[in-house]
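Next come the structures, one after another.
Both complexes below contain subunit A, partnered by subunit B and then by subunit C.
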Partner chain A sequence: MSNGRILAIVIVSVTVALIVVGTLWPIPAAVAMASSGSDLLRPSTSPQAAVANLADEIGRLAWEKAYSSLANNNEFTELDFVHDLTGSYPSLRAYATLDSFDQQPLHASADEAQIQLKLHWSTVVGSFLDTRTLRVVKTGDRWAVAWPVVKEPRVPPQVIPVNYLRWDVIYRGPEDDWAAQDVEAPHVRIVDMHPVERGDGVIIMGELLNEDVVPAYVTVKATLLAQNGSAIATEDSFDKISHILLPKQVTPFLIAFHNVSLSDVANIHMEPSASLIAASADPVIEIEDQHLNPAPGASLSGNLLNQSGQVVNVAHVLETFYDKTGQLVWVSDQFVDRALLPQTPVSFTIPIPADIAAKVASERAISATYSSGRFQ
Partner chain B sequence: MHKTESVAPASRPIPLSMIFMAALVVHLPLLLMKLPLKSYDANFHIFFASHYLHNWFDPWNSKWYAGFSQTTYPPMPQQWLALLSRIIGLDMAYMAVQFAAILLLALGVYRFSLLWVDHRAASFASLASVFLGSECFLVYSAGQLSTTFAAPLYLNALPYLFQWVRHGNRRSFLKGGMLFVAAAAAHHVTLLFGSLLFALPVLALVILDRQHSGRGDRERLSLPVFFFRTGSIVLVVGAAVALVLLPFWIALIHYPVTQTPIPHPSRANYLLSPQWGLNYFVVPYGALILALPFIVWRGSSVARLRPLLLGFWVALLVGLGGTTPVGRLLLGRAFDVLTMERFSYWATLLALPFVGLLAVELIDRFQMRAVVGLTIAGALTCGLAVAWASYRPADATDFKVDTVASWLNRDGHDRYRYVTLGFGNKISRLAVLTDASSVDGEWNSGRMLPELTQYGGGALTSSKYFGKPGLDALSAMLHHADRYGLKWIFVRDPYYEPLLVFGGWRRVDDLEDKTITVWSKEDVPPAVPVNAPQIPPRWQGLMWGILPIGSSILAMFLVLIPERLWHRRRVLQPSATHENLVLGRLAS
Partner chain C sequence: MKFRFAFLLAGLVLAATQLALTQTVVLGLPKTIEAGSAFSIQSTGAGKAVLYIVGSGQVLRRDVQLGETTFFAPGDLHNAGRYIAVLVGASSTENGEFDVTAARQPAALSFLAKPSRLPVDLHDGISGVAYVFDTYRNLVLAPTQVSFQLSNINGAVQTRTVLTHNGVTWTKMDSAAKEGAARFVASAGNATSTRVIQQVPGDPCHLRMSAQPSGQRLAVVTEPVRDCSGNAVPDGTIVTFTETYKGGEATVDVPLKRGVARTEMPAYNGAKLSVATGVVVGNEIYWGNVR
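Let's look at the complex of A and B:
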């Protein structure tokens, strides 16, 4: 009986010990799944812990808890805080998930610190970075973040007249299979094309022109051919192009081939395709205040202004960069994480590789948009 | 052999026929309502079965992942399902096979418990298996047909293992061996991990019994004999399992699961993530949580029960997922591949003999009050686990995929591949209904497409729930739509629309009152069959179609041979024991 008692005590003690170990030092799989309680184990006894707890809560969308932990939550409402991070209208931010975060202390004293928090958000079209400089203050034996809230501008009620071009297409009937059109496809032409070796593969950049008087739905496919004429790889422009081209409009495109060396490529077969599409010039997005920021951290920044009366949920900026001779040297793009409200500028920044930035003399931007519930 | 104490030896055990009746009353209505169809994996098993129904000897299934081999998953329950479906259809066949597993569990728990406790406690353990939370959770919420089919076979095999190793009973060797092989043909994870948790305590029991047998005991077991008998059954069963599942081993060795691990909530720390603790601990264990102190105390106090206690303890710790580091330490990389709820299932099965003991003691002491209390505890445990499928459904909203299947099956749409977004585990049901092929699927270990394996995402249809890895996998697949003839995307979640709009896909149709939209890409060539090295050769298809289900038929045949036939053919052996039960006797 005594042996049994010892065994029971050992089993219970070891189980409790293992649970304590698993909770205090959770394995990565458990950390990835942790939803709450982690802040219980990491009290905000330092500025870094306070920021990490806040980022955890933001990542879990535990808005009430995150808001209540802020040192300056008497200055704005919880809704202001949520809208600052997710936006007031459906956008990439609204449905983004926090992939990771990192923080960098900038300044610290006995009762105040400044920390730069980088939130790496993941969205359906890629990732974006949200950088905030946070003031962290000590209240009692705990630290709390003073959140630098940025309130979204509210658009006053108004009437916006619209006067835009629109093209409709009459199809044969509902039994039509899309793209099986009996009409001549719009005329499109590749007006520029440059293959370059970069990183781990080959990149083909170029521009496509809609020569027709009707809108076109376009895409560009490229096949790399070896010396013997065999195909090395085929890729298409996917989202590195503006698929809807109005008459006489030009779009840049970029096609990436990974793990291919340009020296193995003897020829490139380009295959632009176009089909007729109903389209409109609305919403009109003006790209304004563009300016190149030199290296280090070279980039092109500017503002998008939605001149129409409807909300644009996602905007995509495609930028073409040219050298002094007017030759295309780079194509880059950026999805804008905030919705474009009517008449409200939203900034964007497109990074440029350092070696390219030195060559850039001019640039040209176009934008493509997505508004929920509206399809071409 | 020492028997554990029971205070009221005069009381009679519950007849197995009554226990089967209880299983019938509790589970048959739920199965006739097809409740498991709402679970996570039921349609996955039905999908596999539908392939066997039409291609019994060809395990290459082209409907998922542009083609994958079903030899990556032991086929026995699905093959039975396919056979029965010829009479009653796939859905009801699933219910029939699942019900057979529930009955086999009651029988298996009874026979397994008899190794540890007396008849009366064993009968209560068996009755408890009918109400077992983990069983109900796996059947009605998780839909793990293979796990719930394999475990009862192991439990039924273990008494034969005991008989063979302890007494050298050759009939037990045959019967037990065949049941082990059939269990392996039902589920590989149960074979690789669960079998040790069940078998090692039984072998330890043999050692304990050997130590307690008297000097004059003519059945006294020497250590060399113990090792010889254990080694012989391990070798023979191992060889048989290797043969019966040869295509599975070939697939596993040539194409090991090296893909990026996919997060699963059963690996969470249940204290840091209490919602998963509720899901994977409270619901499966139910009222059994109240019995934990008794299990530890009684299991420690009685020497014969200690191996069972230790087996239960290890299974419990691993089943706690990331709450303790044990799972990670014991399983290594397999921890990131397996889901942990099956360990909790095995832990509860190992706990049932203790539950039987506890029930007997409570009833003897408190009479009707204990009966009422235990009945309520059992009903609440079973009820919560069954209802959990409604409280935490696999799909938040129920919807039909029949119109999607019809759309794909008409006008040559099935010449191209498709993918769904926001369909959850309905993709298995859709795959059953349509002739078209998809690049997505629900059997992660069977996928080989690099776009899917190099990221840590699960099914593409649920990409957003896997964060960046899931969305990266989806984006990579859409980039290579031409390569796989991927022309159609069915969207039930507008979240994905920006990716499609900017990626060059256009909305071409809508279904189900515009809740499902159909998207298409221009200039995609028709899908061509992939010429993958994973395609099993014809001889493997033949093996796969004959041996696994053959092993189960042979096991049934051997187990069902009445004892009298053995006696008629052989010289009467005096060592036959009451533990060596056959169905005919048990049901009487």
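Let's look at the complex of A and C:
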């Protein structure tokens, strides 16, 4: 009986101790979950704390609280602030969640500081980074962030005439004779292919051409074969390809095999496949101001310009890099997190491995787009 | 199904063998019958018997009077193949075999034409395969003349006439130099089958563009894009414009609309503009006074 009483006292004591510790020094996840807000848990007594609180509120989508905490909220509306972070139109940003953030102090004085905030957002197609340089000012005994709002440009009301070009397909029906031909699948051809050993595996890069006069939905599958003809592994290009190819369009592709050595590979069986798809020739996207930025942090940056009249919700840029001899050396891609408004440039940056960047002499970019509500 | 047929056959043969020991009857069978035609079977002897005719996919049973002729109406036997006839009498049996062949007159064609879409001016690019069937969809194995005819939009006609071998025949045709749909017809007797072959322009030839200022930018436009036979390349074909200038590049994939591709590019002095479609490269333009 006395043992049980002692055990109960121990359990109660430990529970109380844990509650006190958890309240005084909460972990970030607990802060995020706390509905009472982070101000109570982490007073903005320093520039770093103010920035961390703001990032926490952004992560919890507590827009009202985040907006009201800003030092310069008289300069823009809460909607401007929300649109700055999530976009005005449906895009990858609109459905992204804040995975983590980190901050780096750049400059500090008694009543003002400059901090670089890196917001790591996660989406269904990977993560993207949103970097903001924040000015943090001291008002009384508290610090508050002056948010550098970037207002999304508005497209003035107008009519943009588009000669809408679309392909529709009628397939054979069940009542047709067995010999009645179906519509011919598009003819596609691999025009370039290079296997390379990289990291812990083998990478196959190449280019695929739709040599037909109809649009094609394409995929590329590769099987690595050993000396004895047995299959080592089979992979496909997944999203490292532009799946919809209009007539005479070329897409790069990249297929990665992990934990495979190129020395074990005797042969590679490539399987490009194409099927007819109803598609639209619009929108037309110009990829302008492409610049190769040298190492360290080698990348290719540029702007996407939507020349058509419809909003593009998700854009995917695929870049093919060539060396001096015109040989394909790398394929890289990037999803653009903001919607492409008509005639409005949106920037993108595609990282390039440092060793590859030294070899790159030229590049070729294509973009694939998705617009909600568009039939394609 | 196969087992049931085997059991039935075995049973009938067994019964026939036992009964043959007691009395003999004679069954007069034709050697071959054309599918769907009327025929008769003569028997000898006296008394009643049952006549079974068993073949692939078809079994007939008739009560017969021995010594009389049993008639079968047109269409009673319509599947081509080997048949077994078994006459089971009260005290004797007789069996025999005969063939049902496809009717000689073609009634239907199954016509495979490949591909349904191909570039113009391709030698032996179109293949046609025809299977000849009779009214009851039996493959006509006897050599049959099949005529293939490919009519192009400009009226040019290619014709081939070939004999079937084991019910099938094939041919090859050239695609025309002019784009458009072609009618590919196979005919045998009164049976015809038609397929449509789309003859589409080939790769663009002599791709050329021009550029002129358009405000702060450059308006670039191709000449009407045609293949080497002079056919207009279809709208929607992607033309890639690339502009390289000091330290930068701009690219845009533009679909042909009304035969030409047009877009606007940044105007940089000394920029090099190039145009390409698929693996075909067009001309280059150096903008400004630096080359």
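As a working rule, the second predicted complex is superposed on the first by the 331 of 376 C-alpha atoms of A that agree within 3 Å, B and C clash if a C-alpha of one lies under 4 Å from a C-alpha of the other, contacts with A are read in each partner's own complex, and residues count from 1 in each chain.
We take it that a residue touches a chain if its C-beta (ideal position, glycine included) is under 8 Å from a C-beta of that chain, and two chains touch if they have at least 3 such contacts.
What you see is a predicted model; the values in this text were computed from it and never measured.
**Q** Is A:Y95 in contact with subunit B, with subunit C, with both, or with neither (first, second, both, neither)?
**A** The answer is first: A:Y95 touches subunit B but not subunit C.
**Q** In this superposed model, does subunit C or subunit B come into contact with more residues of subunit A?
**A** B
**Q** Scan A:R364 for contacts with subunit B and subunit C and give back first, second, both or neither.
**A** second
**Q** Would you check which partner chain A:V125 touches, where first means subunit B only, second means subunit C only, and both and neither mean what they say?
**A** first
**Q** Please indicate which partner A:T234 is in contact with in the superposed arrangement: first for subunit B, second for subunit C, both, or neither.
**A** So A:T234 only meets subunit B here.
**Q** Of the partners subunit B and subunit C, which touch A:Y217 in the superposed model: first, second, both, neither?
**A** So A:Y217 only meets subunit B here.
**Q** First (subunit B), second (subunit C), both or neither: which does A:S372 touch?
**A** The first partner, subunit B, only.
**Q** Regarding the shared-chain residue A:V12, is it in contact with subunit B (first), subunit C (second), both, or neither?
**A** Touch status of A:V12: first partner only.
**Q** Touching subunit B in one complex and subunit C in the other: list those residues of subunit A.
**A** Residues 177-179 of subunit A touch both subunit B and subunit C.
**Q** Which of the residues in subunit B come into contact with subunit A in the complex?
**A** For subunit B paired with subunit A, touching residues are 261, 263-265, 267-269, 271-276, 296-297, 299-303, 306, 309, 313, 316-317, 320-326, 328, 335-336, 411, 464, 467-468, 471, 475, 478-479, 482-483, 494-499, 501-504, 506-508, 520, 522-523.
**Q** Going by the contact rule at the top, pick out the subunit A residues touching subunit C in the complex.
**A** For this pair, the touching residues of subunit A are 163, 165, 167, 177-184, 191, 209-215, 246-250, 281-282, 284-291, 302, 307, 363-367.
**Q** Which positions of subunit C touch subunit A when the two form their complex?
**A** 110-117, 131, 193, 195, 198, 200-201, 203-204, 233-239, 242, 247-255, 257-258, 263-266, 277-280
**Q** In their complex, what parts of subunit A are in touch with subunit B?
**A** 1, 3-5, 7-8, 11-12, 15, 18-19, 21-23, 25-27, 29-30, 32-38, 41, 92, 95, 97, 99, 122-127, 177-179, 217, 219, 221, 234-239, 241, 243, 273, 275, 313-314, 316, 335, 368, 370, 372, 375-376
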